[in-house]
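In the two assemblies presented below, subunit A is common to both, partnered first by subunit B and then by subunit C.
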Partner chain A sequence: MQNRSAGKTVKRRGIRSLSDPKVVPYVFVAPFIVFFLFVYMYPLIMTVIMSFQQIDGPNHHQFIGLKNYQKLNTRDFQMALQTSGRYALWDVIVLTIVPLLIACILHSGLAKGSGFFKSLFFIPSLTSIIVAGIVFRLAFGTLETATMNRLMTAMGFQPVKWLSYAGPGNFVLILLTLWRWNGVNIVYYLSGLQSIPTDYYEAAQIDGASALQKFFHVTLPCIRPVLIYVITITVLGGFSMFTESVALWQQNNAGGVGRTIVGYMYMVGFKKNNLGLASAVGLTLLVLVVAVNLVQLVLMGFFRKEE
Partner chain B sequence: MKKLLALFLTVTMVFGLAAALAEDAPVKMTLWTFQELHTELYKTMMEKWNAEADKPKLDIDFQVFPYEDMHNKLTIALQSGEGAPDLVDIEINMFANYLKGDIGLAPMNEYVEPIEDHLVMSRLNNYAKDGKFYGIDHHIGATVMFYNTEILEAAGVDYTTIKTWDDFHAAGKTVLEKTGKPMIVWESADCWSVYPMVNQHGGDWLTPDNQVRMDEQVVIDTLAFMKSMLDDGTAIPCPGGWTHTEEYWGWMNGGNCAAVCMPFWYLDRFTNYMPDLAGKMKVSAMPLWADGGHKSAQMGGTGTAVVASSPNAELAKEFLAYACLTFDGCVTTWKICGFDPILKDVYGSEEMKEPNKFFEYYDQDIFAVLSEVLDDIPDTCLTEYFPAATDIVKTQMAYRLVELREDPEQIAKDCAEELRSQIN
Partner chain C sequence: MASNKIDRKKRTVLSVLATALMILVAVFAMVPFAFMFMSSLKPGTEMMRYGLTLRFDPGISSFDNYTALNTYRDGVYWHWYKSSAIIMIMQTGIGLFFGSLVGYGLAMYQFKGRNLIFTLVLVVMMLPFEILLLPMYQMMIRIKMMNTYFGVVIPYLVPPFMIFFFRQYCLGIPRELMEAGRIDGCSDYGIFWRIMVPILIPAFGAMTILSCMNSWNNLLWPMIILQSETKHTIPIGMGTTITPYGNAYDVLMPGAVMAVVPIVVIYLFAQKTFITGLTAGSVKG
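Here is the complex of A and B:
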């Protein structure tokens, strides 16, 4: 009997402590912490360890020092870096500017039926990237009879082997990404534009500011937080892009035209069954993305204290 | 005492009943493949197996996955030791990946060794390590030339007179001049043009102890020959990059090219994807190199393997041998898949002469071509770095040669260096 009552007290004390104001916050964040530790931290730590190992199966791994990192000094990896870098650069430029311009036009009320256009731009982001990729791949085919080449010939240009060379290949990739993600970025920008008080524009109007001056001195500073967010996720998305290139080039990547860093990591890890080297590639990508994002955030004044 | 006896009898009865039930219930197995065509073969062979009285009944669940998905799943299943199937089709370029470390596949030596003299062993050596055969192939994959006779006739070329690659090139010039069409396509995004040509010429990418052979003179010479055909327009880059794209099939089907050099199993691609060429295509041996080399090259393939940890591994091995190494199994392979079987005994047999869709399409004695080259097909050297070599050929060698038209010697040297840096 005594033992049982003792058990009860312990339990009751446990319940009381859970509702303790000092404990409650931890209980609320616990699911995230647990999720973070097991789904993000554990794989990250394992990746760091694996990147120093030669892995030939579950029971065959040995430490080989920096050898995996030395193996990154190959033409293959450099091509992947170039492809990803080129793509990320154009991705950031195009996917920051184009949606911003469209959002401004839609917001200004210059265009009629802006509600219709908003949904029209947003629809592609709901489609499957694989399906869209196949349509793009066939439209931008190598033959002169492919849709885009017919268009080129009709306009008096030479047909282009779109997906065979780095330049045109990157163009198609950016076009696919723009078509797909334009609408999402427009939504972000619109939310930013709608939060700007109209008084600012009125004040600028009274001071005699032109439309361009209003854009650069009122609109842009006001949507800076949105701009920072959009650029940050675009940089991240640009460097970690994988699906789009697989959809366009499938498993074949002649000349490394469409092989990104993630594509290279996938190929090394699974097709060559070298998980150690793939881990090293993954960590290199992580360092690269963090570095680029930090530079971009510092340049945009993200860490500057608000005055 | 009576109670004890009753208990004993009940237990015996229950166990006996269970055993009887188990005997009648078919043994369940799983087979993974990435090629739906293969399941037709296995299904037919399973029905034949189940019809035999002395064999335990089988119930195989055939699961078809996309190529990459299946190999990824298998890698993970074998590495983690869980979820692997009983039988699995592994593509030749990927096979070396599964022969690293603790090998998760079961050797088939007890079925292969007794009939070694009857098999094309160079095929099975592709799937062997330390004298153990882990995979059974369905075909030899001898590379042959497929000619579009309609175009050749229009240009006044008789394909039977083409004996060497130089003849082929000369014929190409006539075809181009008379019809304006190219003689052949070279792949820029895959290895099915470069590798058979190099291999037939006597070259390869690696030695068995992983010394790189990519920059040998024979490779440079082969690439130089291919480039000379590109330069005068008798060969063009393959539409779509390689010969397994919708673009290429549609283009070829439209009668736009006089020939294609592919392994024997490409027979089936013509019947399935290029129906308009029925009756116009003829199969012929590869042209020969004037300075030596071989009559053909064995390309592509799938090694079907038994997973060692399977509870039914022994039975799975017996079934695999039944389906792929017996006379009946090999004849069925030809009839269903159009493959050139690895059992030499079937060639020349009456069963192989029975009419089917392939004889109808090509309207010739296809096997006469094959038996011509069967005695001189070189081995391919598939070490654990073969997947890396293939990747370099696909992404750099073929592309730089066919699309960028760079200097063959420079390409060969760069590719060799790249492969060495990946090995060391």
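Here is the complex of A and C:
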């Protein structure tokens, strides 16, 4: 970096020094360094500072200590925490297991037309959640004539007000998420499965291992890096979910059903213009995501030294 | 021999079961599209009365709703479309350029601070970007980027997931190619452009689709930056057609179909490159 700025003053030397073998790698990674400082470092520091401030207008910042954090002790925020927490839990469970099973079946070649299915399963991931969410929102409508409620009555159940309560609402959210992200995770898992040498399975076969034993003792340990990656991004996506909830409820959901942590942050920061409080919400989210992911990474043995 | 026969029988049964299960998953993946398309052909009043149905009714079905997109609020839908397309192209083009550059640099060179930078990339990938929105928003006001397309693209100029992916992909490229290029008198940048970029094409294919997906679907940040109605993207705009006072179904459904079509077409053309590219540059831990 030093060589680069020196190069600007003496132009001819600058050109020569940009192709200096010692400088070249830094030129390649320079975009990220600049980007990191302005798009991550600076805003992160600002968020921390702002969370201790009362902000009325661009030039009226006033330090108020921990007051913003004390204000988090409201029913609205607790509900948002619960919504995001419940969603993240089911998100991790459903979106690590279901795509893994499907990827294993596709990889085994047992099903006919695996290549066709591979391409097809990815298509929902290409659509906008807002756009696709409209279908889910209408299908799980409150009215008895809504598609799902008709199905329920046809099967002899009572119609459900799907989107009016936290439990059923979460179910629809997870279904929408599964529909939309299933294909992406399948592709991740397939990439892991393809890198497992076939002789591992042959060796297991000779030892007389059953299909289940092969799965738990060969497949799972071999795809651990992919598994860790999928769980980590799912935890992140789960806690910071916003779009799916907007797709089902818009922003004016009665009683805050379906409002997530980010949804709450958006409401407080941009609708009510309380940037200080919103920053405190943001940092709470950060701590939550980092903490859960650290626990998860330790449990998955990410920091364990390879034998 | 006998056990072999049983095995084969067992395998056939398993194969039928597996295929049936895959068909079930395929139906789950496709049904929402069917609902979308069938509803887009019917008048909105029909939707209000019966909800979403898969029934095809030749008496009332037509493509009228699609032509109605041109007149709805003075054709605002196509403005949304244009916004989404411009942002998608900018974000993907710039992201691919910088992402490949940095990923390549991290994979192919040994230099001081390399591990630190790669660690930062990983850390940044695990941060919820949403928490940086508020200061970014203030920054955008200060540098006068509000209500501009470039303002929407700024947080995605050097996407960490692309850096990560290109790095993984480049690790599989033999270093000898670099040496060969040097012997032929190529500069390091020449080697990147003339030798590496062609090799990286599957990676570019995979990342193009992922980036287009992210951009086409992005809601929160564009919603903060783009304030005038004609600059809204499709997700923001479609959201505004659902209101507490009634939903504009006539626009909603054909609008949804039209929003899905282009990206699916891109995918169908590029899917082979995409799947191989994505799986080759896999997460190798």
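Criterion: the second predicted complex is superposed on the first by the 288 of 307 C-alpha atoms of A that agree within 3 Å, B and C clash if a C-alpha of one lies under 4 Å from a C-alpha of the other, contacts with A are read in each partner's own complex, and residues count from 1 in each chain.
Quick note on the criterion: a residue touches a chain if its C-beta (ideal position, glycine included) is under 8 Å from a C-beta of that chain, and two chains touch if they have at least 3 such contacts.
For clarity, every value in this text was computed on a predicted model and none was experimentally measured.
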Between subunit B (first) and subunit C (second), which does A:76 come into contact with in this model arrangement: first, second, both, or neither? first
Counting only touches as set out at the top, which of subunit B and subunit C does A:40 meet: first, second, both, neither? second
Scan A:56 for contacts with subunit B and subunit C and give back first, second, both or neither. first
Partner chain in contact with A:132 - subunit B first, subunit C second, else both or neither: second
For A:271, decide between first (touching subunit B), second (touching subunit C), both and neither. first
Which partner, subunit B or subunit C, touches the larger number of subunit A residues? C
Counting only touches as set out at the top, which of subunit B and subunit C does A:164 meet: first, second, both, neither? first
Looking at the overlay, does A:188 come into contact with subunit B only (first), subunit C only (second), both, or neither? second
With the two complexes superposed on chain A, say which partner A:283 touches: subunit B (first), subunit C (second), both, or neither. second
Is A:259 contacted by the first partner subunit B, the second partner subunit C, both or neither? first
Indicate the residue numbers of subunit A shared between its subunit B interface and its subunit C interface, in ascending order. 58, 138, 141, 143, 146, 252, 270
If we count contacts the way the header does, which residues on subunit A are in touch with subunit C in the complex? 19, 21-22, 24-29, 31-33, 35-36, 39-40, 42-44, 46-47, 50, 58, 102, 105-106, 108, 110-114, 117-132, 134-139, 141, 143, 145-147, 150, 179, 182-183, 187-188, 190-192, 194-195, 224-226, 228-229, 232-233, 236, 239-240, 242-243, 246, 250, 252, 262, 265-266, 269-270, 275, 278-279, 282-283, 285-286, 289-290, 293
Once bound in the complex, which stretches of subunit C touch subunit A? 11, 14-15, 18-19, 21-22, 25-26, 28-30, 32-33, 35-36, 47, 49-53, 98, 101-102, 104-106, 109-111, 114, 117, 120-121, 124-139, 141-142, 154-155, 157-158, 160, 163, 187-189, 192, 209, 213, 216-217, 219-220, 224, 234-235, 238-239, 242, 244, 252-253, 255-256, 259-260, 263-264, 267-268, 271, 275, 278-285
Can you check the complex and tell me which residues of subunit B touch subunit A? 67-68, 71-72, 75, 78-81, 94, 97-98, 100-102, 104, 188-190, 237, 239-242, 246-247, 251, 387-388, 391-392, 394-396, 398-400, 403-404, 414, 418, 421-422
Subunit A - residues contacting subunit B, complex: 56-60, 71, 73-76, 79, 138, 141-143, 146, 161, 163-165, 251-256, 259, 267, 270-273
